[in-house]
Amino acid sequence: MAKRLFKNNSNDFKDLGFGTQIKGRRMLNEDGSFNVIRKGVKGQSIMNLYTSLITMSWMRFNVIVLSYYLIINLIFAALYMLIGKDSLIGESANNLQDHFWNAFFFSAQTITTVGYGYIHPSGMISNFLAAIESMAGLFGFALATGLLYGRFSRPVAKILFSNKAVIAPYQGATAFMFRLANLRSNQLIDTNATLNFSMMVKKDGVEKRIFDRLKLERDKIDFFPTSWTIVHPINENSPIYGMTEDEVNESDAEFILLLSAFDDTFSQTVHARRSYKHYEIEWGAKFPPMTGDPENNKTVLFLDKIDNTIKAELPTSD
Amino acid sequence: MAKRLFKNNSNDFKDLGFGTQIKGRRMLNEDGSFNVIRKGVKGQSIMNLYTSLITMSWMRFNVIVLSYYLIINLIFAALYMLIGKDSLIGESANNLQDHFWNAFFFSAQTITTVGYGYIHPSGMISNFLAAIESMAGLFGFALATGLLYGRFSRPVAKILFSNKAVIAPYQGATAFMFRLANLRSNQLIDTNATLNFSMMVKKDGVEKRIFDRLKLERDKIDFFPTSWTIVHPINENSPIYGMTEDEVNESDAEFILLLSAFDDTFSQTVHARRSYKHYEIEWGAKFPPMTGDPENNKTVLFLDKIDNTIKAELPTSD
Amino acid sequence: MAKRLFKNNSNDFKDLGFGTQIKGRRMLNEDGSFNVIRKGVKGQSIMNLYTSLITMSWMRFNVIVLSYYLIINLIFAALYMLIGKDSLIGESANNLQDHFWNAFFFSAQTITTVGYGYIHPSGMISNFLAAIESMAGLFGFALATGLLYGRFSRPVAKILFSNKAVIAPYQGATAFMFRLANLRSNQLIDTNATLNFSMMVKKDGVEKRIFDRLKLERDKIDFFPTSWTIVHPINENSPIYGMTEDEVNESDAEFILLLSAFDDTFSQTVHARRSYKHYEIEWGAKFPPMTGDPENNKTVLFLDKIDNTIKAELPTSD
Amino acid sequence: MAKRLFKNNSNDFKDLGFGTQIKGRRMLNEDGSFNVIRKGVKGQSIMNLYTSLITMSWMRFNVIVLSYYLIINLIFAALYMLIGKDSLIGESANNLQDHFWNAFFFSAQTITTVGYGYIHPSGMISNFLAAIESMAGLFGFALATGLLYGRFSRPVAKILFSNKAVIAPYQGATAFMFRLANLRSNQLIDTNATLNFSMMVKKDGVEKRIFDRLKLERDKIDFFPTSWTIVHPINENSPIYGMTEDEVNESDAEFILLLSAFDDTFSQTVHARRSYKHYEIEWGAKFPPMTGDPENNKTVLFLDKIDNTIKAELPTSD
């Protein structure tokens, strides 16, 4: 009995990790991240610090680094002032009237190890503080070097997806399609696509989310030089076969793509994800080509044409 | 004859590398490392130096780096003193009375390349020593940069495991279960689980350890956004089918999980291991959900609920 | 009906991503890159900046770095001059007459953090500017460190291909052959080859490009110590079986190799690509060995013999 | 006819890339590298520079770096002397009598960016030279940082192999065995072994090298915590079945192991290779265990016992 039950519930084993009760909200965000918040564990921000610093925008990264530089110098300047007026000597007397700014610029000269020497520490405590500060400066700089390299060298696929999927005529029937292109000049090879599907289904009065993997016309390409149109032919094996546009919308349907490729510039495997909700599907449309006339004997790809669609009559079901 | 023997002893070929005589001690430690000491080879600590420096705690790493900085400066200060009082000149006379501390701070200014210049070397030998020291400083700093980057960028899966496994009711029968969640915000995909099992078996009066791979309800998930409950259904194919709690405890049983996943932030495959000994199993319990009400249209995962279990009556075997 | 059409057009699913209308131009350039231009997206050069800096020649990279160093110093020198004559003081007065060059060299001393101190900033604004410049210097240097490491450590297969393929006699019939060798001393293992083929075909008066994967005598070698001759036997299963040299030339044929191997020095998978157009095929030739007499008990491989071919009569088709 | 020939010569397709005429010399050196010299291409040493600097011994690497530091300083010292006595001014007059050593130490202070300033450049040309030198110093240091990190972080399997293989009694018959252990404390998982075999065979009076892949008792282990004995059972399917010790020696036999594993500390796949020539086989011996009594509830592995063998009578063939 347990055995039979085990076999019949095979849909439970395809829930993608989101559970069967999720309704009315995306599973994947537009940027491909999971639509999930983690709670209940302290130290998450520390644990994710490197990941955050590596993945944040350059603007934000630079602001953080400069702020950090400013704050550290303010702290050390305050410490030199605490030690006393005689902690820093040299020509500074006739240079800057303000003791604080003297200390501040001395700190900057120490932490960057530029060390002009026209201001320099005097006495045990300030010498010790300067030794610590220059050491800290080197360490901070080592951190920055690592972070900059980490930011640059992280292999990320920059894939451009069409912002809408279409239901297009296809070989006498219809197909679900969207397309994608490689934004970067990195060469992608061995590109694989996996398309998952999910919708709410009512059975015996209970609503439940089901999951399925969709068959693709082609799920692997050796090279990915131009654009690739992902095509799921809607035939008897498709879970949306025979459904109307309204039925698909009511079912809270979501199509989830997982793309993997070998990036030949970084010699590493990269991934991209994209989900299309039912309201991101255009019914009765198809994608015109993205390539133009060859130039200098080269194929030309127009990346700004990726969202172009043209109306295309769907075959009537009869 | 040799042929037949070869076929019958197939259990020997699944010993996981721990041998068949291990008893009463864990094979895997709680942190997933092998419970093994290596002896008889010199230079192990040198060979494992990088690994140690990369994997030790930040606290310990910082203490080691600071101690090293202090010791190097003490050594060079001693060397400058050995050369003589005139080795370092400049304003230092009226700065620090103590020649040793003068030498110490000059060393710090040299090794960090801050080089204020208010103290500077005089004479062939001290100039040469300072040239060596600044070079050594750059090298040490290059090492630190590499180590810091190595520590940060090492792709490690931070998987949170439930501290107990349970024997839970499952589809009219029972199943062995435990659960896990991704602690970090890194996105894990293509997650695979392999569950090995081992126990002592008495045959013809001889006790011997046997090994087996356990069938899982699901051994692969495309996405790993929330938590994952690993389920081994206890049916006729399970090596613990029909055993009582006392029999499992006496057999010195150990369940060993090997988890692999693709970390999409680092674009690398990561692994995690966890073993459950018989005394870490709770009989007649099940795991309540870890997710709560959605917030801002996002699924919420409570990581602190991972160890929660609730009593659940097991079906009687008849 | 839709079903039958789906099965018959299976050639459409092997178009390698170049489409079926490409004619008279290479799909792959000689260096293995795709013969494609991307247009229509702004910011491409920023996005590809790291890739460019990592893959450009050393000559160009060094010129860019030195130019950048020069320009930055010119800019800061101009800024110090804008602040005024008193912005930089010290012995400079009797050193360089020209205020601009004083500022320029002070800038160089600041950005490299060498900071002799014989020229130094005076006043709030120039001190602040110097603090910013030394910080920028460290940052620029961190960038350079990362780029240099990225350039060095990028795992790239340096594969030497014969510049011509041959149609050679082979086991009583003929075969399409070319050969390749590992230029570097890195050890390549688990080497795999995939050979794709494409030509124009006229059907019902319409010309269309078809694609096919060619069978190889051997498509995988465990080790790659010397040279490897890729052999496609031309038998009934080959798309060029029965074609004459003129027919192959008129069909605008292109043979595309995709090679992958595990580089044991970098512990990473590397790839190489090479295409042969019909005009790069020598009919009736074969490759003589590239190895010579052993020296010091070692096999000797002559890499400069890779392009050597000798005439070889092809069997007549009867 | 061509077809039949193709099928019969299947041994040609397993030549491992060494050809069939290699005799009396190893294919793999003891360290696992290919026993091959590459000739005929210029620039090989430049192309392999990074690989050499990354793989050479620490002793040699440090000597090269220090020599380079010395030579660069000598060159710059000579250049400052060429410019003239007035190129470097400051307290140097009463410091070092020798102008050359003054220039030498100034160069060291500049290239390391320590820049005390008590000697400093004077005049356009020497200022320019110093600006170039400090820039070059930063660049050289960036290179050193990258190289040091490259040396440390390169994932290399340190596998200890028994220096002899044995022909041991095995399940009533015999087997070819050798063993290996992980020298480092890194955790290896998913370890795979492939054993290739090669010997000279005389056929119709012509001697030719044949290649074969040997069946192993077990070719994959999930974990590799202690030691692993590779076992090739010598039964009817083995190419050396029925051969005597003398016949094996005369055939110039070589056993070649290719090992791959996932290193869990570096999260990368690592490889090791080892070949055993016929004269490295001990007939009639077996390996005693390498583990000792457990300490602190931990299994103890004695790595120095790896070469231990004990005599073991082989079953007579009748």
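Think of it as A, B, C and D in the order they're written, each chain with its own count starting at 1.
Keep in mind that, in the parts below, a contact is a pair of C-beta atoms (placed from the backbone, for glycine too) under 8 Å apart; a residue touches a chain by one contact, two chains touch by 3 or more.
Nothing here was measured: the structure is a model prediction, and the numbers come from that model.
*Asks:* Same residues or different residues where subunit A meets subunit B? The copies count as same if more than half of the interface numbers are shared.
*Replies:* Different residues, largely: of all residue numbers at this interface, under half are found in both copies.
*Asks:* With centres defined as the mean C-alpha position, give me the subunit A-subunit D separation in Å.
*Replies:* From the centre of subunit A to the centre of subunit D is 38 Å.
*Asks:* Distance between subunit C and subunit D based on Cα centroids, please, to the nearest Å.
*Replies:* Once rounded, the distance between the two centres reads 27 Å.
*Asks:* Provide the list of subunit D residues touching at least two other chains, using ranges where the numbers run on.
*Replies:* 109, 113-117, 141, 145, 149, 268
*Asks:* Pick one for the touching-chains graph, please: line, ring, star, complete, other.
*Replies:* complete
*Asks:* Give the list of subunit D residues in touch with subunit B in this complex.
*Replies:* Residues 65-66, 69, 73, 91, 95-96, 101, 105, 108-109, 112-118, 141, 144-145, 148-149, 152-153, 158, 160, 170-173, 183-187, 189, 217-218, 221-226, 228, 233, 235, 262, 264-268, 289, 291-292, 294-295, 297-305 of subunit D touch subunit B in their complex.
*Asks:* Which of the residues in subunit C end up touching subunit A in this complex?
*Replies:* Those residues of subunit C that touch subunit A are 1-3, 5-6, 9, 13, 16-19, 22, 24-27, 33-41, 44, 47-48, 50-51, 54-55, 90, 109-110, 113-117, 120-124, 127-128, 130-131, 134-135, 137-139, 141-143, 145-147, 149-150, 154-156, 194, 196, 258, 268-271, 273.
*Asks:* Going by the contact rule set out above, which residues of subunit B touch subunit C in the complex?
*Replies:* 113, 115-117, 145
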